[in-house]
């Protein structure tokens, strides 16, 4: 094994990390600001992928599918927030776990009713089908690099929103102290709706971007859900920065774990999470509660 | 100790510092608390008073410095260990078990004095000694008539009394009181003052309070803190006379309530 | 007895149970008395929700289709299907199987898809002695150490479809091969089959890679393969993982340099989603949609027309399950009490399947042809027979 | 917290239930006896989790780890050609589960709130992958327990677990035993402390209780009881697989606890009963039963905040306005 092998593996890890970040950032926002554990977050990822499949079929273009599908996903998120989640802000985490678990079942069945249980794929847009040669045997698909680029742009966008805008100010206040937000006279209801809608949108967007390199299949949201939770917890709940570093860490750990301890690579990310929590019980960038 | 009137310190802190990031909430504080005295800590908001109490009670670990209880280094001990050693505290924000009766609240506190509550089979309420300690604490905080009332249904003043009663049930040597009069009506304040006065006979009291009338009437020693540092320590008369205190904190009216710079 | 036509569920079950009970002690006449009155109860335990739902739906549809084509009766008796969603969850398998066997008193049990569920189910089926037909789950153990007179499998053992690939890969001139599969029973057993076939022929497994199930992130492994530069790669993936793997393999540029082989599940029900990435992949399986035989020529259009579902290997396995039930029940003229005769009929059955004629081995696993297939224009084109009449090893089976 | 003083009505209901449970095998169908046994086992499992969630305030999302581990221990120690003796295999499974809980608990209780939820999940997932990936325990296909444990003492063999009615009564009695054990535990000094922990942990610490130690002991007891349930489950079905330790199983038992009512002694029993029956009925009702199940869960959360047990007690759990994690 040479240096280029490790470099390519690092690239794999980072690239996987970017995708994780896209899902986890929404989760951490909802977690940190609203104090809601949203198990149904993975469902939005799945909804995104199915919307991408369905709308790409209708319009023939992934871009159009995303433009049409994203508002649909956000609206679904807003409806869920309004009719279910909003009743649980003052209640114990457990009820949120239970309710959002119920939502997973509902979403899964809706998917089955609307799109059936067959497996689907989405074609990579024509412009992005090429690949770049890395070694004699391996090349890297342009679309994957494109996804990474989009993830970086989204991350930057979130950073700017949070640092520079009034909404970002509210989010920061909300993340550090929920009561303070209320004292400052901010409209907490509106803030929560925006955050949940945005979180759902981010997850769905991740699902749409991933659809061409993933398979679109029933139950696809659950796998990424647990991994995203691991990312959020490692990074520290409510911290976008934490979600970013957590995602990178998990992406790299998972990639190198696969190579270095192949027989038990399923354990790696959970062991990493346990270690981080034993070292810093509030995650890498979390605030002490 | 240079002051001959000073009794032996029961609690002594040296170079105590607590930093939150760049901010030093408590900055290199040296203080001695004499056994049996009533010692008030005053200062503007953000002076580091509550942080100091939290350091003494073990709720926060100090960044540097030491805390000694008599000869024993208790700097890094957790709250439960400090409590077991006789340092009890009350909270600024009422901190009781609102779903339980007053009796049960004090009972839980009194039970903590058992060598261990890892007893799985006997009914808890059968212990006569704990019952006696509970009743004593309820009597001390004037809630013996309200023993069976759910704590959440008490008036605010009564809840504060219960808060003190719970801590008393743990039989402390030193009582840390974080704004015991905050939010009380005049009548409740009077009652609580009477309670504290009776306690001061047997206990070392360390309290934070914004009510200057109360502080100057009640405390034997006053420490003024500003920006995490001790500005002055002395008798009420010394503090009143201190030019430094007047300039930095008390400003124009020495009895101004909740003075904020 | 023959006048009893109660619709009352419990009452009928009671009588039926009583009759079946009597059947054990009494002679033939009393057994035949029930024929033509009560329905034959077929319990189906298959996944209808979650990742495996499409398998469950397809197998069920094809089995019902086979029976409907033959007039909708088993041995002259009407059928009642009792379907249960297995959710592909092993912890629920015991309760589900009990529900069908002791709760519903089914005459036949059909299922499951998931090997873990199959293990729990087989245990009860053995104890309760109900004739059980496995239409998919491939765990080698089912027709190995767990084999039983009353357990039949119409699909394959995990070892079976990949074993012929070994020789195929060797004959294509490859000597050093990397194998890769999900780290679970089916994956390991499939790789075991391939390794045996390949090493017996004289090839060498450079590395066996097991990836966590059901994770579909393969990038790290692809880079490893690229670094190892084997002559060929053999994998076992199915469903969503198969789609993802084939796409990733092509996108990383490996496909043009290192040929990809697999057992046929890689390209079953997944070709449309895989698109061009699957072109050229060679697989071995006991069926192909392009198989040219009379049964298949009739089956495919009829099935697709009747159910609207595409006819793939899973549909064929379900269809054959239906055919097997028909043959056995016709042989005993609908007498479900004649268990011994039914078993004998099944053991001797020759199934004229769309996959080609096949029979049961002594361990009750199909002896069947395995075809070498290659993906051409989005279809699994048959290149020839990779292994004729291949029987499972049936290691550990102490029956027959 | 819970009002344990029995009223006359309460006693009457309890009596009726005991009689019904006692007589059920006489007229119940074979399958329903099996189903009821399974409900008892899950009730014990749910009661064990309720000790953590409902009484200690520790939300464990990895409780199935102990349930499954106990089953694996039984599978591991049971001989292939005969029955393992209940009298040593059960304590071994329970003890093993408790030991595992001691290890996982010791590390997990350093965290709190959501982090605790997640770290318990992480440990359970690690065990899941351990049993799934390791070549020694049957891998993903799971392992069998070929014979049901034997309760014979010498030649005295009154309870034969192969007989489903015997198994039924054993499970029913164990539900009662666990219930009584927990009732006693909660009235003991230890019980008072853990209930205090749930209500307000920092205050308990300030009162001088070494809270970590109490949480750990509670975690170990709950792990052991989950082990008992896991042992019974493995003995009944004769099968154990990695999926028994999966997060979805941890989720289901959590559902049962919340459904029945947290912090109520009998709530989890009610929850297990309802959850299993609901699952069974809804699945028969429609092909889209997941939709119904999801809908029922959502409705219960929104409209029955105190769980089913809350229907029978008038006392309302006060809403918390502070958000302590």
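Going in written order, the chains are labelled A, B, C and D, and every chain counts its residues from 1.
Convention: contacts are C-beta pairs under 8 Å (C-beta built on N, C-alpha and C of every residue); 3 or more make two chains touch, one makes a residue touch a chain.
Predicted model, so just to flag it, every value in this text is computed and none were measured.
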Higher number of C-beta pairs in contact (B-D or A-D) found for A-D
Give me the ID of the chain with the smallest distance between its Cα centroid and the all-protein Cα centroid. D
Using mean CA coordinates as chain centres, what's the gap between chain B and chain C in Å? 74
Inter-chain centre distance, chain B versus chain D - centres from mean C-alpha coordinates, in Å: 43
Determine the centre-to-centre distance between chain A and chain D, using the mean Cα coordinates as centres, and give it in whole Å. 32
Rounded to the nearest whole Å, what is the centre-to-centre distance of chain C and chain D, using the mean of the C-alpha atoms as each centre? 36
Multi-chain contact residues (two or more partners), chain B: none
Going by the contact rule already set, what residues in chain C reach two or more other chains? 49, 183, 210, 212-213
Chain A: positions in contact with at least two other chains: 108-109, 112, 263, 266
Taking all chains into account, which pairs touch? A-C, A-D, B-D, C-D
Quick check on the complex: what are the chain B residues that touch chain D? 57, 59, 78-81, 83-84, 88-89, 91, 95-100, 107-109, 111-114, 117-125, 127, 152, 166-167, 170
Quick one: in the complex, what on chain C touches chain A? 49-51, 53-54, 57, 183, 209-217, 219-224, 226-227, 229, 239-244, 247-248, 251-254, 257-258, 269-270, 272-275
Under the touch definition given earlier, write down the residues of chain A that touch chain D in their complex. 31, 35, 37, 84, 87-88, 90-95, 97-99, 101-110, 112-113, 178, 226, 229-230, 233, 237, 263-264, 266-267, 270-271, 273-274, 277-278, 281-283, 286, 289
In the complex with chain A, residue positions of chain D that touch it: 53, 59, 61, 107, 110-115, 117-119, 121-123, 125-126, 129-130, 132-133, 247, 251, 254-255, 258-259, 262, 288, 290-291, 293-298, 300-302, 305, 319-321, 323-325
Which of the residues in chain A come into contact with chain C in the complex? 1-2, 5, 8-9, 12-13, 15-16, 108-109, 112, 116-121, 123, 131, 133, 135, 137-141, 143-144, 213-220, 223, 254-256, 258-259, 262-263, 265-266
